[in-house]
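First the structure, in the form of structure tokens, and then the observations on it.
Order as written gives the chain letters A, B, C and D; numbering starts at 1 within each chain.
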Amino acid sequence: MSAVVPGRVPTPSSPPPDVVRCASFELVVTDLAASRAFYVDVLGLVVTEEDAETIHLRTLEEFIHHNLVLRQGPVAALAALSYRVRSPEDLDRAVAFYAELGCRVERRAEGFARGVGDSVRVEDPLGFPIELFHDVEHVERLAWRYDLHPPGALVRLDHFNQVTPDVPRAVAFMEDLGFRVTEDIQDAEGTQYAAWMRRKPTVHDAAMTGGDGPRFHHAAFATHEKHQIVAICDRLGALRLSDRIERGPGRHGISNAFYLYLRDPDGHRVEIYTQDYWTGDPDNPVVTWDVHDNQRRDWWGNPVVPSWYTEASLVLDLDGNPQPVVARTDRSEMGVTIGADGFSYTRPDDAPDALPSWKQGEYKLGHQL
Amino acid sequence: MSAVVPGRVPTPSSPPPDVVRCASFELVVTDLAASRAFYVDVLGLVVTEEDAETIHLRTLEEFIHHNLVLRQGPVAALAALSYRVRSPEDLDRAVAFYAELGCRVERRAEGFARGVGDSVRVEDPLGFPIELFHDVEHVERLAWRYDLHPPGALVRLDHFNQVTPDVPRAVAFMEDLGFRVTEDIQDAEGTQYAAWMRRKPTVHDAAMTGGDGPRFHHAAFATHEKHQIVAICDRLGALRLSDRIERGPGRHGISNAFYLYLRDPDGHRVEIYTQDYWTGDPDNPVVTWDVHDNQRRDWWGNPVVPSWYTEASLVLDLDGNPQPVVARTDRSEMGVTIGADGFSYTRPDDAPDALPSWKQGEYKLGHQL
Amino acid sequence: MSAVVPGRVPTPSSPPPDVVRCASFELVVTDLAASRAFYVDVLGLVVTEEDAETIHLRTLEEFIHHNLVLRQGPVAALAALSYRVRSPEDLDRAVAFYAELGCRVERRAEGFARGVGDSVRVEDPLGFPIELFHDVEHVERLAWRYDLHPPGALVRLDHFNQVTPDVPRAVAFMEDLGFRVTEDIQDAEGTQYAAWMRRKPTVHDAAMTGGDGPRFHHAAFATHEKHQIVAICDRLGALRLSDRIERGPGRHGISNAFYLYLRDPDGHRVEIYTQDYWTGDPDNPVVTWDVHDNQRRDWWGNPVVPSWYTEASLVLDLDGNPQPVVARTDRSEMGVTIGADGFSYTRPDDAPDALPSWKQGEYKLGHQL
Amino acid sequence: MSAVVPGRVPTPSSPPPDVVRCASFELVVTDLAASRAFYVDVLGLVVTEEDAETIHLRTLEEFIHHNLVLRQGPVAALAALSYRVRSPEDLDRAVAFYAELGCRVERRAEGFARGVGDSVRVEDPLGFPIELFHDVEHVERLAWRYDLHPPGALVRLDHFNQVTPDVPRAVAFMEDLGFRVTEDIQDAEGTQYAAWMRRKPTVHDAAMTGGDGPRFHHAAFATHEKHQIVAICDRLGALRLSDRIERGPGRHGISNAFYLYLRDPDGHRVEIYTQDYWTGDPDNPVVTWDVHDNQRRDWWGNPVVPSWYTEASLVLDLDGNPQPVVARTDRSEMGVTIGADGFSYTRPDDAPDALPSWKQGEYKLGHQL
């Protein structure tokens, strides 16, 4: 198997496939009915097709068969992160590219999920289960069907976020795959804590977050406006499901997007996200954030709840077994910011103890965790 | 002086004045220029009139002279909570009403602040400096002047929130003054932790929050829409002043309003608030919230930062000296909810340890405070 | 009957009832199922109670039984405009007040509609069927039930608008009834084209629009935010019912509110309205608009569609027969503004032909109507 | 010169340049101060650089030097539509591509505008002045500078719209240039009235509108949210400039975006636009609208003001002289929809006279124009 090994992943001589965008993901859930209630009844995703074992869901502006597959299984985990490639030939390129790296690769002409044709699944060098496909069934794009839009209408799948112990290694591999970095978090010593990378011209299709991994941090759906994210919170409150809210809503510094993090019935994390910016120019400026800047992850300086740093979903290999988790050895973002020895500033020249009384409690929690 | 004495305040035989609405408040600030920068340059309140010692500010839909007076002074404190009364004769009624209670009362035909005529100031039985006036200078209502509206336009003064050790005593007195309760927080044993009371037909003109008092918890300005509150946060981030944000934004359970709490340069707390509901019917249903319901103060179940419970501004007597603070003896809302022995639920039937991992850290902080 | 007679309505010696707010209205509709589809399925009003002949509907923040009664009948018309009064005794005052004016008055201890107790209905001196009540059944206030809120949630009944041939006469009568003018439209010669009057502290509970009357121009429901009005338009488009939109959305000059006018299946006009301003001070400044100011009815200068001026619903007497319509003899607002001889300006000093090419077609339509 | 000649433009054997996105446009204005007041003081575009003759403006999320150049001149006209290309070599490709078509081509290593390096300008086969460039000066991306964002913040340049007499010819040429059609308007006889084409994955970088041409119909700037477009209207009203509003705001059927059309002091048309959808998949479904569907251009069925169809700006050749305008010979969209013989339906099966009274006046105007 493509175990997560240390050191730089070699750059293949084979050209990478031309990835268009992140397109869907597959989650193993332990109670399909509970997951359906969350994703369909609460969040309003649209069922394209379902049976006793799987549910294929899509967003309101999607025209391909699905953006999310829920699959009943014994252990909650991520089964696949799926990208659409530009042409059928890109699947051949994908096979060659990953095979050259020694990754385990499976190709199925009939696809791994309904509504999708010829597909490749791999255990990538970072340990994640990645799917690539081109052929896909078209379904009705419900963009104009406002009669079906709830107050918190989810219109697109926006990105994936993956936990990996060695961020620079992951970034280098993703760049070989054709991704470009748009933003990252570093410290003065050059430690890279996280990075955001894109194929489509938004801030990201995939982010790499430093931590014990490979694990799945979250996938994000987009709304058009901020009030739609507020509406999701209000709805959760009305349903007495507010404890599904893990973090937010708030404004990210990184990406400049408005965000909310939810946890599904299995604890899988879902972000709701809106309004980042155009990154499609070849020389799009990369934004590097100081890890000690407390506006980097929340522009309003609201602290990140520790679970957001520490919890994430297991990821499966191609046999459906969880990948072993390798510990991060680089410094931890949570440790250097909100821990007892951590330091977060609002203004770069602030003294380490400059936080006002109402912020100190929030940023000094680390020692008890 | 009208010291805060225990026991029910007697109901005067004199009828109370007819209070129209909360109209303005006066803050003593220790650095007038810093306060001006906050209220004018950051929040966008409009200067009606100013000199070296005072600044008179109003909201964008106001037509009376001011909603806030900032006054340079040696100790940050609240100098007055001002209500407009319906007629000049209501000032005579106010004098008789408070005098009968033995309160210290001052009346000035020329007013205590610019732009206001005949006024009464009292040290009320709860220890707060209250002003009542009718005559007032009209200024331009800037409602249609969208060329002057910032993205976070503050359009009205909405309410005051006062900290008092004995909430039922405060409520009974305010009801004698003609206020009506719209919502409150209680526990199963009948402890009343806070109450919201109105003259104008919104959820409140004044709220009473249980705690060591008399102290001033906050005053609230209204926006029209939620995105305007988000815009204030975004602006604070851009100005690297995000540490002015103490709590929120969020949705209140109580009042159903969308909220944000800021702290000014002296630590005075200001709320930005929008979209509560009509309460003007004589039989408007009172909503009582269980103190253990973690959606009561934030409908999304986000925890209240401890400083929000513990910190508040001093209030001045009519000589400008701070009123002594009397400790609350009833149970503390923070203690019974987020303390080590506290308990907050999302659903009434939840077990005490039902909070998911990502909420436990937030609600179990109390023991360290 | 209380025919519409010329001349000032005498001021009764009996004091008027204390009206709290506009509370509900009753429409006769010719196809109850079609009306239900419009008000419930499209607009999202909540059914409190219904049977084969009537449907009682309320808004999402209402706690009284209903805001709208739809009643199957042979001729589309307005059957009642209902106001809530402060106390049961205000009904006695209402009877005396209207009786002194020679109006036909009916009182029913059991009410005229379900969920309402002791009620008075009158044919008022302007020819409108007016209802007053105090006792009413309380129902669940759905303010917090965000799981039931559609994207275009209607949260309150805001006001009525009535067509009457003699606006000053109507205003004087409404002032006797205790209403206060907040805004009006006049010309330099003193012709009053329309007036807005309030009991509750918003811009109006009732507006009087000059035209052949008595007729019912519209009733308005409130949303919290502007995007919710846009959502109603989008939904109508999705349902291929966009021809229900008569005018808007837009920003009123008068009231400063954001608006939309719809026509129901019988042609009854409904406004959706949000964000006017506080008018509850006793000396609230009255705003008078010049009839030639083309920002008075639409702040953006978009022209008013002629049907909005000319079409309105019949109103019924207490026997259920339509009141005869009396022609307006004063100048017509449409005639003086968009007619061949009309004139509308963007800036007061503009020459009469100053409108740019793209506006001329819109404002010069009158001659063909 | 590259006169507009009938018939299909041949497909060059040279490959087209790789166009990234529409990037800027240059307008000749007759009163630079008046134009500055409009674009800077009213709309809030940011001045990157200016002198007595030219002003270079950008949107709030832009990082290249400018999105709009205003240049003082004797006749109001469009001087250039500029696209950014992926690499410097794409300029060589552009020269070869257009030269093969016999177009007049100019290349300047120092650029035609400040802040831009090596550039190509051509008179394209449709008669439009097109610029292509890669090298460009980077400036501060003000995305996070919320302190500088007005309520109607313009964050991106979105697209151009061009008037051309022969839409299929224009589409075929643009496809040769690498653009893809996302939506169009046709009738049952196959007449193509307009088409939307993209390079970046939105609905368009360029639309072709059938009419006498070559003329410049408009350029569009994007906001994040709909209320920001409303805020621009409100601001224009406050400044008594509401007659700058030509059409809207409204929801497009085509593109599903929320829109507003303004006219600048020279009559150049500017659209404000938000929230279309992802079109970046290689098999993105093309949406074809029936010309008689009255929801195609406004999803709410509001009619298009005739000036929007008939008025447009002249375009300049590379010597700065206006291109001659060639009359459209195909049917006119306005003629077949709102003219005396026109027909617009809300529902496909509606009878030709099915529009309700309040819509008939709007859609039957054509005969008088």
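The criterion applied here is as follows: a contact is a pair of C-beta atoms (placed from the backbone, for glycine too) under 8 Å apart; a residue touches a chain by one contact, two chains touch by 3 or more.
Note that this is a predicted model, so its numbers are computed, not measured.
Relative to chain C, which chain's C-alpha centre is the most remote?
If we average the C-alpha coordinates per chain, A ends up farthest from chain C.
Is the contact between copies chain A and chain B built from the same residues on both sides or from different ones, judged by whether over half of the numbers are shared?
Same, since over half the interface numbering is common to both chains.
What whole-number Å value describes the gap between the mean CA coordinates of chain B and chain D?
Roughly 51 Å, centre to centre.
How many angstrom lie between the CA centroids of chain C and chain D, rounded to a whole number?
That pair's centroid distance is 41 Å.
Can you compute the centre-to-centre distance for chain A and chain D, using the mean CA position of each chain? Integer Å is fine.
That pair's centroid distance is 35 Å.
If a residue has to touch 2 or more other chains to count, which residues of chain B qualify?
In chain B, the residues touching two or more other chains are 144, 225-227, 234, 237, 253, 299.
Which residues of chain A touch chain D once you look at their complex with the stated criterion?
Interface residues on the chain A side: 20-21, 61, 63-64, 84, 86-87, 138, 141, 143-144, 155-156, 200-201, 224-226, 253, 256, 275, 277-278, 280-285, 299.
Enumerate the contact residues on chain A facing chain C in the complex.
Interface residues on the chain A side: 144-151, 153, 225, 227, 231, 234-235, 237-239.
Where on chain D does chain C make contact in their complex?
225-227, 230, 233-234, 236-237, 240-243, 245-247, 249, 251, 253, 258, 263, 267, 294-295, 299-302, 305-308, 311, 346-347, 355-359, 361-362, 365, 368-369
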